[in-house]
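Across the two complexes that follow, chain A remains constant while its partner is chain B and subsequently chain C.
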Partner chain A sequence: MRKDVEMNRQIQEAMLEVQDVVHRYGNVTALSHVSISAERGEFLTILGSSGSGKTTMLRVISGLETPTSVGKLRIDGQDVAGLPAAKRNCTTVFQNYALFPHMSVIENVAYGLRIRHMNPSDALREARRALAMVQLEAKAERGIRQLSGGERQRVALARAVVTKPAVLLLDEPLGALDERLRQDMQVELKDLQRSLGMTFVYITHSQEEALTMSDRVILMRHGSIVQSGRPLTLFDRPVSRFAADFMGYENILEGRLIARDQESGLIELPGGVQVRGMLAEGAFAPGDGIGLAIRAERIGPADADYPNSVPATVRSRIYRGKYTDVVVDTAAGALRLRSWHGSHAEAEDIARVGWKPADAVIFSRISE
Partner chain B sequence: MQSIPATRTIKLEASYSAFWPQLGKWCGIAMLALIYFPLLWLVLLSASNDPLSGIPGPFSLRHYGSLLGNPQWHGPMAASLLIAAIIGLICAVTATVVGRAVARISKSGWVLVLFVLPLFVPGMSMGAALFIFIGAVLGLPLGFWSIALGHYIWAFPFSLLIMLVVTLRFDRSLIEAGKDLGASNWRVFCDIEFPLLMPGIVSAGLFGFLMSFNEIMRSIFLRGTSETMPVWSWIQAAAQQSQVPVIFALASIVLLISLPLLCGVFWLLFSRLNKV
Partner chain C sequence: MTTQTNLAEAGAGDSFLKGISRTLSRTDIAFVVILVAWIFIVVLPLVILFAFSFFTTEYYETVYKPTLDTWIGLFSSGRFEVAFRTLRLALTVTLIEFALGYPFALWLAKARMRSATRAIYLAMLTIPFFLDTSSRTIIWRAILGQAGLINTILMHTGLVAHPVEWLLYSEFSVHFGLIVALYPTMVLPAYLAISLIDDTLLEASKDLGATPRQTLTRVVLPLSLPGVLAGIVFTMGSALAAWVEPGMLGGGFVNLLSNSIESAYTALRYPVVAALSAFVILLLLVLLALMYPLMRMLGFSSLTLKS
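Presenting the complex of A and B:
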């Protein structure tokens, strides 16, 4: 009984439910049995490189793409599987903004309201309020061509949120902006999302954007979900070789699991060295071949008595100003180190490198 | 230190000689003169007392006066204007429909070639072909409508090319944005696509009008007993010496109307479009 109530509440709270989407372009499968959901007010990020199917996913949700098949597609509880894009309670911030060049800023923002037959003075007032929200009130009468990239981005945002959609879809909206602006906009987007309490589904290929803004991240590859979870889980506990690589782990080794407890495992690397690491999500049993991922900045020179270490010889060193990149050879393979200790570390000889067990991740899906 | 000889002649290869740009410049000027001088002369002569003398002046509007007093050209002129207006309108509509469709084909090269080929089919061949087709195959009478059909076939490729300037660079994501914001397909077309294609639509129409208005080769084959303005002028010029000064006046008027219209088309297409 209690469980039913609990479940009901969950269903009520789900603003977006997509179950078992399959989409093919000719022979190419863009989405292969993908299911995602987002709760009210959640900032969900779909992360992936180009060709991962993330944009197709977004277009399926918005209705701009009709999927080959879909089990369930609901927005704010409403079944939208058969509805055209125009009838769905969601809007999109397009990657290239897709602002109407023959309309002024305010006309662009008010367009969605005009379509909904809001009377013109109310529509203008609402549009102005949306523009104020993105600090562009002063440029309401400008033409689109008179705006900078960042300003266009804000107009696109205002135009999409002004109709108060249940779900806002954002297709790499910061992709075209320069570094500085991108970082500012990340903060602004997050603030906006929080103050509107709106569900955001955000598409990006940048793990940094995914980490800084999301409540939850879905990592996609080849039309399937590789891993999903809180941003930190993806960052610290990748479940596969691809996930580790995508999240920026420079060192990925293979070994064999010898023993495990609840959270950590003892593994043997090629060359017979035994080290410890944290277990990512997955099925592990002693004897399994596993992968070990460690970030370059988490590895350092170690003393001979440090338990989590391997003998090493320096292959190369590149001083990069802020840090030094060192490559060492070990019995388990080459390892990359990043030292932040300045140029004096240049001369230091390294005989052994090691890392904390908490900084090494053991994952089971080594071939994916 | 060795000093460089002050008068060292640099011998360039013949193809780099300064002679070529100079020649190009003067050839260009000569060409422009060849194009525009006769036109200018025509306008001047049309307002002269004796155009056939070849020397402008003394100036008078005598021939314009007799043109106004002469009702003979009214019929052909009306026919030409009417056909041109119909062709312009049909061209604007069909070029829009076809232009939008062609822009959506991913590999539109061959389709485009097929559409544009009539531009290079000799007018005589097309005229003869249509003459046979309409007269003998379909058994329809030659006249106003057969001329219109010939003109349409002639004008459409031009209109389509002009339309494609606009449709090919139309950003399809704007349509998606419109739908995404809740607009029906029809609203998207009215609110977004149509206004943005407008310069192309108007240009296609104007161009269709001009192509039809000035057409003669196909008209000769297809006219039956009807006369369009160019056909009438041609007949007059060929047959009656006395009418020629009137034709100069008429030709000048046509020129002074056509040229600004054409300028308008290009302004719409290339200047306005970039500002939207």
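Presenting the complex of A and C:
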């Protein structure tokens, strides 16, 4: 009962609802029955590598692409499936910013307002306010060519939010910036989103960006959703081999589930060693073949009496500056350990490696 | 060889600076060379031409004594009228070309089509350039004439009882001939400028709420303005100087400046030729000077022309 109320509230608050989108380019299926939704004020990230369909998804929402078929497409409660891009209550921050080169900074920002026939003085005032929000007031009269990459990024952002859209779509907006600037912009973007209370749909291929900014992450591959959930869930409980790999798990082993309880499972690895791990979302039954994912920095040398460990022999050590990568051979396969400066694994010989059960994830979809 | 020496120089700090100053002086030299060439090839003939317009002719020989007689004769003999007729015709043709050519250029540059299809359209547009103007133009006589194709069809279908006379040897046929001949001149520069516009700019405009019309006037037109200006200059220049079309399709009834120049030239009256030519050039300069503020007034481009 309480759950129903909860769900009703969510449906009312949904700013973006996309149901069952299919999109094909010729013979290539870019989106295969994808459904996503975002609540008011939510920062939703669609994560995936190139060709995953994430950009197509964004273009379907903005109206720049007409999908082959769509069950439902609503923005702020309004059915927009048949509406052209210009009539939809959402704007896009493009990957290459797409600023108009023949207009000054302020003219770019005021564009959406002037298009809506707002009178010039009001439009200029609103545009200045938007520019102040991204700390670019001082460069209002500059030409676009006189701005740095980071500044162009901010202008694009100001131009997109000045019309107060229900949903802001961001297509890898930080992709062209250098590392340092990208980190600063991540913080700024998140602050901006919070202060505007606007729904952001953010496209990226960087798991780091997805984790630091999002309320919820959708991981896509080959035009389908692999996993969606809070950033921590994706980071700690990947549901498939692809998800584990994409979220940076260096070690992925295969084994068989022997027993399970509510949250964890006991598995047998090749070579007969039995270890414990946490169950990711999915269907599990004892006897199933499963995958086990462990991050390199969560594995360390272990004593013979440590329960969650396997015998190992060192194959190689690679010094990488901040840390050293150690590769060991075990009966279950090669494992990579990451040892930070000062830890024992750096120089000592290793006979056994082990990990905490809480640091190992058991997933059921081993072939995808 | 040069690259090697440059690399060797770049090694030491001060010889690197020398390299820079050498490159600078090299561009200076280029500028001087181009300027001198331009003065000799373009300016000097114009000055001589202009000077000739202050001489007169007597018994088929030029009298080298400065006088305003030729210019006075030009305005009193009604050739002044010819100049304005030429100007009116050139402006009309250019305007119609723009109205017909720009939409086509836009479609050619931005419509979804295979690149092979686009190449075919471009070839169709440029191939007529390889044909001689006279042979292209004279065909229209057979089509527009009183016993021509169109009149024959009109008579046979009973739409008209008598052949339509204004189809040939009229201002209509001269306009028509020029519009056909100068279509690529307007379309090609506009096409090039439009195809340089990044598609995401058009998407951004759409995404921000602009109607197709607003995107056209606020983004596409201003950004393609350099191409449009080039198209206008080329078209208008060619129309002002055209003599094949008015000669062949005007049939002596539509006298334009170029025809006057030609007849003066055949009569060996070089000062008149010079004065007429100088007058056309002056007209062109005035038009160009008018065009820039006009474009600004129309709201195109506040910044496009600034780089």
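The criterion applied here is as follows: the second predicted complex is superposed on the first by the 354 of 368 C-alpha atoms of A that agree within 3 Å, B and C clash if a C-alpha of one lies under 4 Å from a C-alpha of the other, contacts with A are read in each partner's own complex, and residues count from 1 in each chain.
Keep in mind that, in the parts below, a residue touches a chain if its C-beta (ideal position, glycine included) is under 8 Å from a C-beta of that chain, and two chains touch if they have at least 3 such contacts.
These figures come from a predicted structure and were not determined experimentally.
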item	value
Simultaneous placement of chain C and chain B on chain A, clash or fit	clash
Which superposed partner A:22 touches (first chain B, second chain C, both, neither)	neither
Which superposed partner A:116 touches (first chain B, second chain C, both, neither)	both
Touching partner for A:104 - first (chain B), second (chain C), both, neither	second
Touching partner for A:86 - first (chain B), second (chain C), both, neither	both
Common interface residues of chain A - those touching chain B in one complex and chain C in the other	62-64, 84-87, 91-92, 94, 96, 98-102, 111-112, 115-116, 159-160, 163
Partner chain B, residues of chain A touching it in the complex	62-64, 84-87, 91-92, 94, 96, 98-102, 111-112, 115-116, 145, 159-160, 163
Chain C residues touching chain A - in the complex, by the definition given at the top	198, 200-201, 203-211, 214, 218-219, 222-223, 301-304, 306
In the complex with chain A, residue positions of chain B that touch it	171, 173-174, 176-184, 187, 191-192, 195-196, 275-276
Chain A residues touching chain C - in the complex, by the definition given at the top	62-64, 84-87, 91-92, 94, 96, 98-104, 107, 111-112, 115-116, 143, 159-160, 163
